[in-house]
Every structure is written in structure tokens, then in C-alpha cells.
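We call the chains A, B, C, D and E, going by the order they appear; numbering starts again at 1 in every chain.
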Amino acid sequence: MLLGPSLALSAVLFTLGVLGVLVRRNAIVVFMCVELMLNAVNLSFVALAQVHGLGGQVMVIFVMTVAAAEAAVGLAIILAIFRHAQSVDLRQLTLLKG
Amino acid sequence: MDLVTPVFWVFAGWSVVSAVLCITRRNPISSALWLVSTMFALAGIYVLLDAQFIAAVQVIVYAGAIMVLFLFVIMLLNVGDAPREWRRWPVGLLGVGLAAVLGAQLMMLGGYGRQRLADEFSTQPAPVNPALVFPEGMASAAAVAERGVVGAVAEPLFTAYLIPFEITSVLLLTAVIGAVVLAKKKL
Amino acid sequence: MLIDLSSPGGAALALLPEIVLTGWALVVLLVASWRHRTAADSRYVGILSIVGYVLAVMATGWLAWVGARPEGLPLMVALDGFRYASHTLLLWIGGAVAVLSWRWLERQGIIAPEYYVLLMLATVGMMLLAGAADMITMFLGLELMSIAVYVLTGYDRTRRASAEAGLKYFLIGAFASGFLLYGIALLYGATGHFNLVLIGAQLSATEPTLMAKAGLGLLLVGFAFKVAAVPFHAWAPDVYEGAPTPVTAFMAAGVKAAAFFALARILAEAFPGYVELWRPVLAVLAVVTILVGNLVALAQQSMKRMLAYSAIAHAGYLLIALWAHSDRGTAAVLIYLHAYVITTIAAFGILASIERAGARTVLISDLEGLYAARPFAAMGLSVCMLSLLGFPGTFGFIGKWFLVAAPLAEGELLLPIIAMIGSGISIGYYLPVILAMTLKPVRTRSAHQTIRFPVPAKIAVAICVLAILVLGVWPNAVLDFATQEAVQLRRLAMPILTR
Amino acid sequence: MTAFLAAIGYEQWILHVLLGLPLLAIPMILIMPVHRARWIALTVALIELVLGLGLWWAFDPANPAMQFVTDVPWIGAFGVGYRLGIDGLSVMMVLLSVITMPLVVWSSWRSVDTKQRGFYALLLALKTGMLGVFVAMDLFLFYVFWELLLIPMYFLIGSWGSSNRLYAATKFVIYTFVGSLLMLVAIVWMVMEVGRATGTYSFAYEHLLAHAYLLESSGPWLFVAFALAFAVKVPIFPFHTWLPDAHTEAPTAGSVDLAVILLKMGTYGFLRFAVPFFPGFALSESVGLVMAGLAVIGIVYAALVAMVQPDLKRLVAYSSVSHLGFVILGIWGSTVESVQGAIMVMISHGLSTGALFFIIGMLYERRHTRKISDFGGLARVAPLMATAFVITAFSSIGLPGLNGFVGEFLVLIGAFGRYPWLVAGATTVVVFSAAYLLWATQRVFFNRFTNPLNEGIGDLNMREIAVLAPLLLGMVWIGLYPGPILRRTEGAARMYIEMVEPYLSETPTVGGTMFRGGR
Amino acid sequence: MTSLVWLTILFPLLGAVINGAIAIRRPEAKGLVSLVGVGALLGSFAVAIGIFLEVLAGDGTATRVLLWQWMPVTERLSIDLTLQVDRLSTVMLLVITGVGSLIHLFSVGYMKSDPGYARYFAYLNLFVAFMLVLVLGASLPVSFIGWEGVGLCSYLLIGFWYEVDANSDAGKKAFLANRIGDFGVLMAMFLLWWHVGTLDYDGLARQAPEVLAYAGAPVTLIALLLFLGCTGKSAQIPLFTWLPDAMAGPTPVSALIHAATMVTAGVFLVVRTGVIFSLAPVAMEVVAITGALTAFFAATIALRQNDIKKVLAYSTVSQLGYMFLAVGTGAWAAGIFHLVTHAFFKALLFLGSGSVIHAMHHAQHAAHAHGDAQDMRLMGGLRRAMPWTFVLMGIATLAIAGVPPLAGFWSKDEILAAAFVRGGGNTIYLVAWGLGLLAALMTAFYMARLMAMTFFGRFRGGDTLEPHLHEAPAVMTGPLVVLGLLSIVGGVLNLPGFAGGSHYLAHWLEPVTDATLPYLDRLEMPHGMTELLLVGGAITIALVGLALGMWTTLRRPVLTPAATPAATGLARVLEGKYFIDELYQKVFVGPTVWFSRRVLWQGIDQFLVDRMGVGGTARVAKGLGWLGSRLQNGHVALYLTLFVAGVVLLMRAVIGGAP
């Protein structure tokens, strides 16, 4: 039921997430866009679970766990860099290059 | 004409608009809130897709916990609005272009319906009966009917998916250690 | 010994190495939470962690020794020689990095023994990634590894470079995870399974479908990121440079090895039917990676950055071996990875000893006259450079031959030639290192006075260097082992695939 | 002698001992006090010489096949074996190597006064590598030795060379390394192809040689890959520019080893591998013309360039390029005579160029310059040295009665049947070679004594005489009585020709008609 | 005795080795050196006489002595070190060892005070050894050892006083000119081997006619290439310029190497390979006309030289031209005959001039004066101080000018006669004959001029020198006397019929030269009136030349170098030796060096291959690397964009069809 539209919506949201990652420069917002991507994928899982059974739904739970873990670590890292740079603007974080 | 399809499209539109606003709002807090909005819309869609438990978790854990963490950090750091920079537009356009191509590629998946999936899935000549090709889908509906929404998901989670489940615990532990190590002012 | 993976007991037995290491990590964590204030504490925890690695190796050895095999389908984790081989290597890497970090952390002012816990957990992640028979396990293993390594990269909080490296790695890594996950979702959609063998069976049975192809593509993106293949490589040099040096070693050796093990397994078990599809992709990736990695490495002044680009180039070489999609190719992956890993560990080990606390990264010119001051360190690093270059007498040379042989056995000539062109370019940056160390005079008299080489690190590096040399002349043991394990990877999946 | 050698089982162990002894001595050098280093090196060199000379008798000239064959499995999984063996070509190269060894050590006796341990250790390592290249009958093993040589040479040049040594050492290594990369691919490709066809994956030379005909389609590419590696090493024009730098900057020992042995590895490779493996392509008309043409260009070109060099060593280096062109021409001349000549040139170039480098090294030791213009009239203060130099120069010029002539004559006369015009071009070098060497001789040893700094140059001392005397004797001996050598190499040359003969386009026969108008 | 022919080589070779050792260890032991040096030659000469007697008694068949296998390459190419004793090589053997002995003896006196005495004798002995190898060799390669070996010794001896740059230059030039010729010899050998399958003289004489078509291109080419070698060795056009420079060596060397023996090797070679030449009539014409032209041009140059040795040098070139004219006409015996007589009188002339130079040098030394001891303008009237030398040189002058009954007359006359005869059927030979006649006239002229300037008139070298002029010691005049006698009676070897002889030498050489007969018309020597006319003409020319030379020189006082005005016109051209040297320098040497340095070395080697090829590749690689490293600018956004671009491309490749 609604498999095609769900997959399409998933694709759109994923693309929007990618776009956000590409155009935004605030590290936190970029990270949020990554979360958006994960959500989009979750939609795919749920939609496909209709066809293939509950495995897809279980996977969504794992993905959420992973997202939570990433959020914790990611935000901690952002905090750490903020202490050094007083900013989370990605364009000011170019100490490493070459 | 069932109600499910129009409701789905409403939710879909909601989610897309929210997502667009999420990535375009210059204020991070707005972005975060629009993301929460997207998640709510997705939760609605999950309900439509017979994943009520996931929908609940989505609202409680994702929108409720994770996004609050984001908001918390944004406020802690007191990050201001992103300034407009016209010079960056070409790069942005490149990003938009690439994303558009990627989106177009991924959108091809929208052409999948139950029937097509079944046809491709089966080794029999098309068209085939999806119900026969995907017995697990039927079985899951039966499991929901038998054990309830939560029980149906919980059963495989603690049997077939026991190992991954245990791994997530290690994963969360690692995240905790990492977050503590990195975020603590003084070790 | 047959293990029933569907029962909790069987699963525990199959995951014994991971469980041992995780359990030991918890023990170490407990210790670390009490003792994490002084340098002595840190050293104490470090020694403890090494014990953990030893135990995990023993567990792996036990599994290999009893010849553990799955009863029926391998669920969630694989039980084959390839997994044991990869586990041994990964544990070995983890242990070596722990040894290299010992005292190094204190010298750099990083007194937080949780480092070792994270290292062990990251190793567990790698083992899960490399040994997974199921996409879910694989994804979780990957995430476990990644999250731990994100933290480790940014571990040196006093240095902005470290934090920045952590952030970059994290952002791009999370981004790449999204693609990988999407790929898993699509594969799940196309086949209804997460299990690699079942996916492979389903995909082999039917014509390539759009969903499966897209899934394959996104999966490849995820792994290409992890192995730092061009154009998904851009994070690597920055992150390698910014991370604490032992962590860089861990990334360059461990993360790359684990990703390659996993990729080899996926391609062999899940996608044998899609060879025609992924081979060209791998070929193009390999060519671009080799050329870009080697060329850009030419322009580097910093040792770490140079090694980073060289690591990128080596990923390209390994992709060639994967491309072959044969027992020979898998064996080549194993052999080359062994050579590469041993060499990388030794090189970074020596590099770490040269680094001064809080100083900028070591430039190639900083090595001038090292031979006069520290002949053994210089000789060791020279051997490493030669091995990376693939020079006779070193293990890298053997790896190079197998690498070239794998695609040639499939009748492919272009890829080996590209690999050799890359190798030809690479002498342009490996040789100057040797030159600087051995033939250039010391710049200042105090230049190499600050080198601190703790005994355990010395021993580890010495073992590596000796291994490079000995295996370069007498590689039979490793070769036989690798050939044997490579065969297993394919054979065990075969009955199910052909069913 | 032969009986004695047979009695002690010489055949069984000689090659292993020759290869292993220098390696075993390296730890000794590193452990013992510094001043012992050169003694150990000399002892090893002399033992090797004695052992190596035994080959002269033990080798059976009548047997054209590989002798003293050893086949010990090495990397079984890969079809690699520790396979050794020698034929008439190898035996001469081995002899050349063992004879050079003590001389090189001896010549470095006083001139090397820094880091002696390293120097002698590297010299010995170099020696093993050189010998290995010539006795390896397994392509993997061959490649190992081939590349392994670079390391000691790199450090010899880079550490004990003169002012521009780092550049020269790097250039040397990069050239050779890059040149031989494609050979690696070619070797593996051969093994794989042959393996697929025969079911035996083996790097054994004989095996590959016997089945190389299976590689009909890929033959050209494989040949090019091999040829590139060897061409760089020879060096054939235009891959030669590393040589003048390497020769010039290397210490005497390095220059001598380079000239006497390292350069022969390329031509050896052509004779042993590249051409016999792919005779159909290598000796086809167009490829033959290209190779022989490049050889002749190199011969004349290098001679002309040598003429205008201001630096003695550089001059000799270019003369090497010129001489080695003869070897290539001889190989592609594809008659027993020309191949014999090619081998002969390899040997005699070793003697004469080696001696030239020794003498230049002695000059350098005394004056720390190699610029020709810094000398002049040295014959008055150093008559012995002048004598030695003149004899060597004339041997290099190819004066009949000295060694240089035999090889060049045979190459030219043998190759004339196939490439009359190219040979005519190559023969013009008799003028140019005389021009550059005599001009150099004149400006160094003759002419007015202009530079008072040269007053203190002493003549040769006993050690130096001991270094040069064997070479000079060898020059005269080979020049007047090359028969024993020719007889030993004839088998190899004949085998080679038999191998490639079916692929040769028709050669005019002796006593036949080269041009229309013959009766 | 014949089988011991190798002794003749071994003696001087040993002498060379011993003297070489002495030169290095104890150069002051001059007595020992003289003993060894001269003794070796005398021993050699004694053996030669023994051989000669044996050959005299024999029937003319050649004896071949195998020493050892030199280059046993294959069955078809196995070159043995074989010596061949036949009548031709015996003649040469005698001349070389005989004249050689005399010159060695002379050198004992001449070089007495030279510090390089031992070295000198070592070289000289070595030279004789090589020269003997040349003439005794039984095959081209063996002769080639000697051929090149004498070049080597010539090089060493010309540059004997190496500390003067010009001397070393001259030695080098001699060797290089020889090498150009050697190119021809080598090529000829290659062609011969591939065509005929042997390089033995014997084999060639037998098989060449079977294989090589008469007057065919191959044989002509071979003959011309051989002749190229001869022009180098025997200083013919175009390679003659080295010989005058070669006078930089000690004078006895000039006598031995650059007059009597080595330079005649070319003539010898043509006779040796006569069969091949006779098969190639065009080549014969070339040889003859080249010889005649050389004779003529060298003579013209000699007219205006003031250096006593330069005159003799050009005279030698000119006389060698005669010999080639002879062999070019197929008058083999005449060529050899002139070779022998020329060896006598030219050696005498050189030794005589050496005696003069010796005297001048000593006088200058004694008077502490400096000057050119060889410039005839500083001589004059020496007959009073050096009567022996004067008389002997006078004899030689008459001989070379062709005054009967001295040796030169007979040989030269025979050559001209042969050319004249051939000229009957072929204009080229007639031209050659004419040139020869003119050259004869000039020969007489410049020789008379030489005598006049040196021995007549008053001494122009300064009053301080005059009292110190003395005749040379007996060890020097002794050999002069012997040579003088030989110059007088040398003609008996081959007296023609009208003088009561029977062309003895020609008959004697028949076993060697007869092989050419089938391809060469027999030379019917003129008889009766024609013969007498020719002889009379020759005599007249010689006398006129002599008289003219004397008269023009003594007519007015000879100007000293300082007072000589710059020559103009033809005289300047002659004095400048037609500027051939300068021409060669400008056309060949200079451009070659320039081309090698600027184009080949700096252009191709350093710029094209090194800088552009190798360096360029390295720079391009480095540049690309630098570019890549610039792209790595630290911006995550860029990395991510790259990433997505990669994703798009990869997806495109995998799913296909999509955008």
C-alpha cells in the first residue's frame, strides 16, 4: 500500500537532506540535515516492511538508536570545537588542509 | 476510494514543506523546529503504513528526545542566524544541481509498486500475485493481529535480532563514554 | 564444530571474541573511572587493555582452532576462516595501537584512560563489521566503530586540529552513513533480506533490478567513503593529520582493513550476480584513487598528510584486488592488507615517537639526519617506506605481486598497469623520506634530541619491521593461510547461492 | 682441476655460496670493529674470487644447456622457486663480478674513510644482488635481485658520492624503478597466461621459455614492457640520461660496479629474457630496425656527446652508452658471431671502463676534481698512471690486439649481414671514440703542465698497481687470446640463435650475395 | 727458419716490454736501453735474412705459420693468428728490419741526451713489432692488428714530446686520420666476409674471383673502402694532412715511420689484396688518379715550405702518390720497387736532416741561442761543417729527383712508364702520367732548393752559432752511409732490360701478383724508341728541375724568417698548404664539435630528454599533485560537494539510464 509514493517521498526527503548538508554552513544544522536523511531512509524501511515483514521496522528502531548515539557524540564534538573556535561555522574550520 | 491515500498526501506535503523550511531557515532553532515538524509528519505516515509502534517511537524518541538535545545545544552555544552571502551562490547552485540530479535518480524508485516489486522479485514470468511472493508481509499482518502492535515488533527484536540489539547497547555505551570524554570541561 | 546461530548460546559462542573484548572493555572502563587522574593511571589502563586484546585473540584462535562452522545459514555473524583471519588482523592492529599509545598519550598531555576503552570498543565495531553476515550487524558494527573513532579523532581536546578533524570526520561520516543506510534499505526492499547470503541468493536468481542496483550503488558509496576512495576521500588527509598519531594509525590500518574485509565479503556473498555492474565502478574508482592519491601525495610536506594520501592510493590498489572477484583476488586483498597494515602501524609508530608534545605535525624535512641520531628508527622507517613502495625484500613487494596477479588472472591488463604507474609515481614521495633520513645532514644539533621511544612501542615497531622483512623473504605461512581463507569465503556461501 | 672440483661437489654448492657469502659477511662487518670492515670485505671478495674462478673449469663449454641447476621451492603458493643455473653467458658475467669485487674493495681502501662499515656492507650486498641477477632462473627471483640492487647502489652514490650525489642517486633509482615496473606486470601476465594454458603456474625460466610461444597475441606488449626495463638499464638512447649523472657522482667503487656489472644486466636481460621469450615480435623487421637503429644512434650519439664533456667521469659514462649500443646491435644482429660479439663487448667493456673509472678515481683521490681542464701534462709526474690510462683508453677505443676490438669487430661483422647500413653507421664510431678518448688523454696526461697543483700527484702505489694490473693483463689477454672465452660463450650464443632462428627473416648467408651483382 | 718468423716479431716486442719497464723504473739506464733496443732489431734482422735466404731458395709458394687461434667464433668465422711468409712479405720484412736497424742505430746518437730515451726505444721497438705483424699477417684481421698498432706507435711517437701541445695535437690528428681510413678497412672486411666468406689473403685470392663479379658494384665498393684505409695510412688525398704535422716527432721517427715503413703500408695492402683491386677497374682508376693527384699537389706544397722536415714530409706524400699511381696501374712490382728505394733514400734524407737539425740544435744549445732548428732560412753553407751529411744527402737528393743510375730513377721511371702504357687505352692514366711528370719536375726542384738552402750559400743562423756547428757522431753517420750506398745501388733490384737487367723484383713477386693476371691486362712495358724517349724525358726533367731549383734559390740571398715578406697569390696558397687543414677544421671538426655540444648534449640530452622529458614528467606530476592539494582547501562543503558528485556519477554508472 502506497509503496511507490512512500519511496518517492523518501527520495525527496533524502535529497532535501543532502541539499541541506551541501548548502548549510552551521555544523549543527548540517547535522540536522543528516538526521533528515536518516528519517527519509526510515520511511523507506517502514514502507518496505509492509511487503517484507517486520524486519524493516526492527531496523528502524536500530537506526533510531544509532541516530541517538550519533547525536550524542556529534553534539559533544561540536561543543568541543566550539570551545576552540567560538564558532560552529564550517567555513571557519579550515585549519587542516592541503 | 479510501481515505488513506489523500491523508498520505497531506502528510507528505507537510513533511516536504517542513523539510524545505528546515534547510532554508537561517535561524538554527527554526531549522530544528521545522525538522521536528517533519518528524511529526513522518510519524503520521508511519501510522498509515501500519507501523504504529514506530510512529510512537518516532515521536517520543526522535522528535522528543533527540531533537531536544539539538535545541539544547543550539541554545547552549547561542549560535546566531546565518548571514546571507551572495558570493556563495554559485557553490550553492552547484549543490542544488547535484542534489537535483541525485533526487532524480532516487525518484525513479517512486515507480515501484507492490506488483512491480513482486514481478521483479519472482523468478516466475510476470505478472505474479504479490501475496504469494511476499508471504512475510502476510505473516506480519497476522502477527500484529495475534500479538498486537508492540508484541509483533518485540518478538523478532528479541529473537532473530538479538545480536544487533545487544550491539546497540554497546553502541549507546560507547556514545555515552565518547560524549562524556569530549564534552566534559575537565577530565 | 557446528554452531547453531539461532540460539542465544550459539550466538554467544560465535561472538566470543567480540564478547570477550567488550567485556574486558567494560572492566577497563570500571578501572578507568576510578583511576583516571595521573599518567601512571593511564599507563596502568593501557596495560590492562592490551591484556584484553590478547584474550580476544585467544578467543578468536579458539574459534578457528575448533573450526567453528555455522549450522546451516550464517545468521548475523559469519563463521569462517575469513572472519578469523580478519579478526586476528584487526585485534592485532588494536593491540598495536594500544601499545603505540602507551606513554605517547601522557607525553602529549592526554590523560584520559577512557581512550583505551574506546579503542577496544572501536575494535569490537571493526570485528563486527568485518565478520558480519548480515547487513544489520554490519551497519551497527560500522557505526560502533565510527562513533568510537570520531571520539578518538577528537580526543586531543587541547589541540584545535584534533577537534576539527573529529568534526570533519563525524559530519562526513554521518553523511556517508546515510547513503549506506539507504543502500541497505533498498537492498532490503529488493530482496526482503538483510542476510548477505540470502541477498546473494535472491539477486543471483533474478535479473538485476533497479532497486537492487541503486542499493548496490549506495552501498558502494558508503564503503568507498570508509576506505577513502576518490572522490569520497577528501576527509582523509585532514582527519589523518588532525587526529592523534596512534589514532591515525588506527584509522589508516584498522578502519580501512575492516571496511575492506566487509566489502570483500559483501561483494563475494551478496553480489556475485552483479559482477558486471560493480566491476567497472570499482575499476574506475581504483584508477582515480590511485592516480589522485599518488599525485597529491607528491605535493605533501607533512609526513602524516603524505601517509594519508599514500593510504588513499593503497586503497586504490586494494580495489583492484577486489575487482578481480576471485579466490586469487580475495587472497590478494588479505595479503596486501596484511602487508599494508603492518607497514602502516610501524610507520606511524616511528612517527609518533618523533612527534613532540604540542608541536606541529612532523614534516619530511624534520626527518633530516635522523639516521645519524637514531639509526634504528631511520632504518625502520626506511623499511616501511620501501614496503609501501613495494620493494623486494619487504612484505609490500609480495603484496604487490599478488595484487597484480589477481586482475591479470582475469585477463585484465589495464588495472595492473595503472597500479604500476601509481607505484612509479609513489617513489617520488617515498624516496625523499629515505633520502632525508639517511643522506641529508642534521639541520640543528638538537633536532632529534626529543625523540622518545617507549620500550613497548619499540618492541611493537621492531616486530612490525622484522615481520615486513621476514615475510618479504619467506611469506609462505601468510600466503598459504590467506589462500586457504580466501577460498572459504566463497565456498561457504556457494551451496546456498547455487541452491 | 676439473676432477678436484667434481670431487668436492663443487657444482652443488657453488652458486649458493657465491650468493650467500657476501650476505653472511654483512653482519660480521657490522659487529666487528670499524677498521676490520675492509679486511672482512676483502677476505670475502677474495674467497668469492677463488670460488668463482673455479667456474672456469667446472663449467662445461660443450654443454649449451643450463648448468649447476638448483630448484628449491620458495613461495609455493605462487609458483616461485629459488631456481639457479648458469650458461656460458652467465658464467662470464659471474666471473666478471667476482673479479671486480676484490679490485673494488682494494680501490676503496684509502679513499673511503667515513662510515666504513656501511660502505663495505653495501658493497657486499650489491655483490649478492649482481650475482643473483645473473644466476636467477626464476623470473620472480630475477626481479627481486634486479630491484634489490638499487638499494645498495642508492646509498653508495648518495652517501659516498660527490657534490651532486643526492640528485644522481635519486635519478638513478627512479629511472630504474619506474622502468622495471611494467616488467613486473609483464612477468605476472606471462605466468598467468602460460598457467592458464598449461595448468602450471610457475615463474621458472625454463617453463616460461618453453611455453612463451603461447603468448602470440600479447607478445608485443610483453616485449615492450620487458624491453623498457632493460633499455633503461642498458641504457639505450634515449633512456640514458641517468647514467652520466650516476656514474659521475658515484664513488669509484660505485662507478666501477655500475659500469662493469650493472649496465650488463640490461643487455643480459635482453639476451636471456626479452628476445628469447618473444622472438617473433622482437626480431620482426620493424622492431629489429627500431632496436638496432636506436643502438646505432646511441653508439654515435654518445660518442659525439662524450667528445665535448668537461668532466672525465661523465665522458667515460657516455662512452659506456656508446659501447653498450654495440651489445644491442649485436643482439639484434642475430647471428652467432654478433651475439658472441655482444657478450664479448659486455666483458671487455667491463674491463676497460672499469679500469678507466679506477684511474679516474685515483686521480680524484689525489686532486678532488674530475674536470679535464684541471689537469694537463700528468704523464711527467705520473708516468705509470699515464701508461695505464693510455692502454685502457686504447682498449676502449677498440685497438686490435686489446680486448675492445674483439667484441666490436664480431658485433659489427656479425650484424652486417642483417643491417649493412646501420653497421656502417656504427662503424663510424671508430673515429669518434678515438676522438673523445684521445682528446681526453691528451688534455689530462699530455700537453703542457699548466696547473702547479698537480705537482704533488704521486704515481701509482703498489695497491693501485694491484688494482689495475689484473685489468690490464685481462685486456691484453682477451685482445690476443679470446678463444677460451669465446668457446665458453659459444654454446649460449648458439642456443640463443637456435631459439630465435625460426622467427628471423632471412639473413644473407656468408659467401652469398648481399648486393645484386654478386656472382 | 721460416717457421721461426714469429721471432722477428717477438724480439722487438720483448725489446719494447723491457725498455718500457726500464723507462718506468730506471730511465737513466741508457746503455742497457740501447743494447736492448738495437739488439732486438738486429736479432730480428738476422732472422729476416735467414728467412730471406730460405725464400730465395724456395719456389715462391707461401708458408703459413699458425701461432694460435685468435677468434674461434664459429666454423665459418674462425680467425687464426697466422703469419704468412711469401716473397712480398719477405721484401717488406727485410726493408723494415734492415732500415729499422739503421734508424735505431742512428737514434742512439740522435736521442742520446733526451730524458725519454728508454721510452723512445720502447715505442720504436713496439712499432717495428706491429709493422711486422702488418706485413706478415696472413689475413686482413691479423694485418689489421699491425695496421692499427703502427697507428698507435705513430701516435705515441709523434706526441713523444707531449708537453708541447702542438705535438700531442699532431699525434692525435694522425691517429684520427688513420681511424677514418680504418673505417674503410673494417667495412671492407665486413663486405668481404659476407661475400666471400673468408678474410685470409690466400682464400680471398682464390675465392674472390669466383664470388665477386668483375667490375661489379660489390667488388668496387670493397676495393674503394680498402683504398680509403690506404689513403689514411699512406697520407693520400683527402687524408694526407696529418703527415706533415707528424714531423713533430723525433726525426728518426719521421724517417722510420713516416717515410720508410708505416706510410707505405697502404701500398703494401693494395698489393696484398691485388686480386680484389684488379677485379675492380674503376677502383684501380681511382687509386691511380688519387696517387697522381697527391703526387702533384704535395709536390706543389713542398715548393714553398721552409721547414726542412716539412719539405721532406710533403715530398713523402708526393712519393707515396707515385706508389699508388703504380699500383693503380697494376704495376705491382713497380709500386713495391719504389717503396723499397724510397725507403732507402727518404730514410737517408730524413736522417740527414736529422743530422742537420741535431747540429743546429747543439749549436743553438752551445751558443745559448734560441731559434727554430728546422727552418732552412736559418741554415746555409752547412756543407763545410757537415761534409758527410752533405754528400749523403746530395746522393739522396739525386736519387729522389730521379737522376740515373741512382735507385730512385729506376723505380720512378718504371711507374711513369707503366702509367704511360696504361694511358694508351685510358685517358685517366694519361692524365695521371702527366701529373706524375710534373711532380717529378717539382720534386727535383724542391729538393734542389732544399739542398741549396741548407748546404750552400752562407750560414744565416747567426755568427754565434757558426763555430758550434759540427758533424754528427759516427753512430749517426754510420747508418747514413749504409743508406747512401743503398740509395745508389738500390736500383739493381729491378733493372729494366735496356740497362741490362731483367726486372728481377717483378719476377720475384710474380707468385704473389700473378693471381691478378686474369683480370688485368699484362703491362707491356715500352720497348725501343718509346722507352728511350720516356727515359730521356725523365732524365731531362730531373736535371732541369734540379738546375732550376739550384738556380732560383741561389740567385739571390735567402731571406731570414723575420725579413720574409708575407707571401701573396699562389705562393700564399702554397705556403698555406692550400688551406686544407683550415678547411677541414671549418667544415668537419668545428661543426662536429659544435653540433655535439650545442645540439646533442645541451640540446637533446640536457634540454629535451632531461629537462623536458624526464623533468617535465616529474614537474607535471608535481604540478598535478599541487593542484590536487590546493583543491583540498579544508572546507567541508567542498568535500561534501565532491562526495555528492561522486555519488551521482557512481549511481549513474550503476543504475544506468537515469540522468
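Assume a contact is a pair of C-beta atoms (placed from the backbone, for glycine too) under 8 Å apart; a residue touches a chain by one contact, two chains touch by 3 or more.
Being a predicted model, the structure only gives us computed values, none of them experimental.
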Query raised in the report: Listed by label, which chains are in contact with chain A and with chain B?
Result: C, E
Report task. Tell me which chains count as touching both chain D and chain E. Result -> C
Requested in this report: Average the C-alpha coordinates of each chain, average all protein C-alpha coordinates together, and give the chain whose average is closest to the overall one.
Outcome: D
Query raised in the report: Among the chains, which one keeps its Cα centre farthest from the Cα centre of chain D?
Result: B
Query - Chain separated most widely from chain A, comparing mean CA positions - result: E
Report task. Express in whole angstrom the distance between the two chain centres, defined as the mean CA positions of chain C and chain E. Result -> 78
Requested in this report: Would you kindly tell me how far, in whole Å, the mean C-alpha position of chain C lies from that of chain A?
Outcome: 26
Query raised in the report: What whole-number Å value describes the gap between the mean CA coordinates of chain B and chain E?
Result: 102
Report task. Averaged over CA atoms, how far is the centre of chain B from the centre of chain D? Could you give it in whole Å? Result -> 71
Query - Multi-partner residues of chain A (at least 2 other chains) - result: 7, 14, 17-18, 21-22, 25, 30-31, 51-53, 55, 58, 62, 66, 69-70, 73, 76-78, 80, 90, 93, 95-98
Report summary line: Within chain C, the set of residues that touch 2 or more other chains is 136, 140, 143, 147, 150-151, 154, 157, 166, 168, 171, 175, 186, 189, 192, 210, 214, 237-238, 300, 428
Report summary line: Here the pairs of chains that touch are A-B, A-C, A-E, B-C, B-E, C-D, C-E, D-E
Requested in this report: Please give the residue numbers of chain C that touch chain B in the complex, ascending.
Outcome: 6, 8, 11, 15, 22, 29, 36, 75-77, 111-112, 114-115, 117-118, 121-122, 124-125, 128, 134, 136-137, 140-141, 143-144, 147-148, 150-151, 154-155, 157, 166, 186, 189-192, 202, 205-207, 209-211, 214
Report summary line: Listed in rising order, chain C residues that touch chain E in their complex are 168, 171-172, 175-176, 179, 210, 213-214, 216-218, 220-221, 224-225, 230-232, 234-235, 237-238, 277-278, 280-281, 284-285, 292, 295-300, 425, 428
Query - Contact set on chain D toward chain E in their complex - result: 171, 175, 238, 241, 301, 304-305, 307-309, 336-337, 340-341, 377, 379-380, 383-384, 387, 390, 394, 399-401, 405-406, 409-410, 412-414, 416-417, 420, 423-424, 427-428, 430-431, 434-435, 438-439, 442, 445-449, 480-483, 486-487, 490, 508, 510-519
**Report entry** Complex contact set, residues of chain C against chain A
**Finding:** 136, 139-140, 143, 147, 150-151, 154, 157, 160-161, 163-168, 170-171, 174-175, 177-178, 181-182, 184-186, 188-189, 192-194, 237-239, 241-242, 300, 302, 305
Query raised in the report: Which of the residues in chain B come into contact with chain C in the complex?
Result: 105-106, 108-109, 111-112, 117, 120-123, 134, 136, 160-164, 167-168, 170-171, 173-175, 177-178, 180-182, 187
